[in-house]
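Two complexes come next, and they have one chain in common, chain A, joined by chain B in the first and chain C in the second.
Now for the complex of A and B:
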């Protein structure tokens, strides 16, 4: 199996100034956050661990939103622009198409993650959290991006409409992000909040990062339960993509 | 005076107006009696004393939590049931010349005191988080339940100076915050330019 489709997707993402504008936009967002952490009268009072946790939430949220938006239109756009038939005529199976697209989206996440590393190092300077923040953001970000992208690609192939698949995928992602970002502490501690957090992979990732960066529980053993939950989520999503991509239909839904 | 004379003159003209005038005079008399009665029942205005017991000059840095302590005493001799009220602190920004919104500064804004017996003294305590650098004054105030229209009792002022605190070093953050987007733009622009030259876009 060659990776021609993957290479073409990557070249589309990185070899033109238009295609790479998202990289600059992401770095500007990280710069703005870092600047606010330095100068804002309330944010600047946070401990460095809490600042790192804030940045890690933003890196993972941005990565997953970017991945979901991109993945949820990846097949449907080909169908809508009538290029999918010619793609299927190449000696590449449906499953290979799906997984090469998943790989290209994961590569985009990797670039976003690499851009975030200087910011993580700068903010964690003087603490023992640099390596842990880089390691755990890498692990959780990759697992969540792979999981959400796999689901989004499956949705895109199933719905055959970019508008619908992007909306549905973003809604699913925002519902998953909501407990970590929008729930107040009191709601998180209620039985409803705890139940939601127990089944939500994003909450597991964020709570684990909180434990590592704020509570200084840095060993992998201490985070094993969270890592396991997020890994199970990624595996289930990959299984769904594997099953749904065994044969793609070309004709759009009327 | 003229209006009163006119009213009196007219009151002779009509028995109804005479009746109204008598009613008004009776009301006035009743109000004065009630006022005298009320002033006799409530504690006098100088029987509450609010004092600051913590240092009156505080120097801290942003993020630090300081403790404001004081006492409230009933120095009157009469036993009254309505000497309770609310004690609270007020922080004024001396530079901006505005009172500070206490939302971020203190979770314990007001302390309700049901009653203070004559001769009794109660401790008051607030934990205040220093949010923003600057110069401030802090007052402890007490509003009595039974006498809401009168001004609050206040303590002497605490003078507070808050120094800024930086958890992050600007020398580490600013080069990254400004440098990374600039470097990325330079790299991506160069790649795009050389690719354009290779494909003949730039001649």
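Now for the complex of A and C:
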């Protein structure tokens, strides 16, 4: 299988204003957060593990938002700009198109992840958390990015409209991110909150990071149940993409 | 055998409501369809289409807007599945073997999008690699095609700067990047200036003559269709309503064939013309006399007779042409609603 489409997607991402602005924006946000965590009077009182956890949440949230935004418009933009027809005419199957696009979005996540690494090292300086934070953010970030991107690509192909697919995909992501970011501890511990947390892959990832970085439960074995849940989410999303990319079609013209 | 070498010859074969395997088409067929239909919810975009296009044909596919031309092309290219019926392109089934079809066809859609951040060379090279062509071959082929479609000077400018005509040329180059056996063209000269149109026509004829490429041409430029195509089909409301070479279409539509001969206006010319066994409508155009001969009860049975008589009379021929309007007339006969047609005739209006 040729990876030509993947290569062109990557170059397209980095030549485009959107691709470069994401990288610049991510660097600025990481710098600002790290600066505030280390210098702000109140924030600097936080435990280093909590600081790391805050930065981890931001890295994963930014990564998934970037991935969902790109993925949910990746096919619909081609349909809207009428480039999809010529792409479908090449002997590249719909499934290859979908998975090469997924691969390119995952690559963009890796760029973001690599940018975050120096900040993670800086914040965790003097603790034994550097490696764990890099490892777990890598694992959870990748699984969540793959899962959300897969769903978003399927949505993009189904809705054939960037506006609609970006809106729907972002809404799904925000609903998933909401419990971890916006739910108060009391709400999280209510039966409703716990039910949401149990089925929400983002909550599993965040809870696991909390365990690793704040409670110092760093072994993979201790996080196995969370890892399994997030992996299952990614696998289900990949299965949905595999099914929905059996055959992409162009919009009807009558 | 190419369209040009065969000239006008017998046409599309048909077998109503029969599977493609039973269509009365010879082994030479590049495209065969049988009962090919496409429904969009309750709308029938294409309705039981039976066609056969021979290898090396330049096949004109005509019809008004919304007749089902683009939907037919998309089904034949394997881009959308038919709702009913079957079709084979280059011997491959359009449903089960669409990937194989994609390797041997090229398509220039009516309006095509491009990756604006690339330049023409990068764009063609990218598509060549998607067709799994070796990089060194791909690079050479991309450069050759850029030269061929007249984009060599702008080969390294980003596509975002290209005019509509330049994009159309680039689209044609993309359609040819995989060296296709069959090319589908949907309005290929739309937006091109006259010299651009002429160049595209030349390229198409060259491909057909030199490589025997079958060309399936959907166009509203009737002059272009009549000058390029050896076979024509007319479709309306998704249904095939006529097919044949241009003479057969004229006969089916009941439109008489006309030929215009212009001869040098000499004192003897009028006398020589009046001595001819059949008479045409004459008019003086300065130093020339224009004579329009129509085929019919009083006119010649074929145009070879006209030429032969003119030569016998010793007339000095300036030019001989068949007006393009004849295909236009045929097209309107087939596609205009009957009441519009009769109203126009009543009013003596020109259609």
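Simple rule for what comes next: the second predicted complex is superposed on the first by the 246 of 254 C-alpha atoms of A that agree within 3 Å, B and C clash if a C-alpha of one lies under 4 Å from a C-alpha of the other, contacts with A are read in each partner's own complex, and residues count from 1 in each chain.
Everything below uses one rule, namely that contacts are C-beta pairs under 8 Å (C-beta built on N, C-alpha and C of every residue); 3 or more make two chains touch, one makes a residue touch a chain.
Nothing here was measured: the structure is a model prediction, and the numbers come from that model.
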| item | value |
| --- | --- |
| Which of chain B and chain C A:91 touches, first, second, both or neither | second |
| Touched partner set for A:46, first chain B, second chain C, both or neither | first |
| Which superposed partner A:123 touches (first chain B, second chain C, both, neither) | first |
| Which of chain B and chain C A:81 touches, first, second, both or neither | second |
| Which superposed partner A:8 touches (first chain B, second chain C, both, neither) | second |
| Partner chain(s) touched by A:115 [first = chain B, second = chain C, both, neither] | first |
| Intersection of chain A interface sets (partners chain B, chain C) | 15-16 |
| Interface residues, chain B side, partner chain A - complex | 62-63, 104, 131-132, 165-170, 172-178, 180-181, 184-185, 188-189, 191-192, 195 |
| In the complex with chain B, residue positions of chain A that touch it | 15-17, 20, 23-24, 27-28, 30-32, 34-35, 37-38, 41-42, 44-48, 51, 115, 118-119, 121-123, 125-126 |
| Touching residues on chain A, where the partner in the complex is chain C | 2, 4-5, 8, 11-12, 15-16, 78, 81-93, 247, 249-250, 252-254 |
| Interfacial residue positions of chain C with respect to chain A in the complex | 40, 43, 45, 66, 68, 70-71, 74, 77, 79-81, 99-100, 102-103, 105-107, 109, 111-115, 117, 126-127, 129-132, 171, 174 |
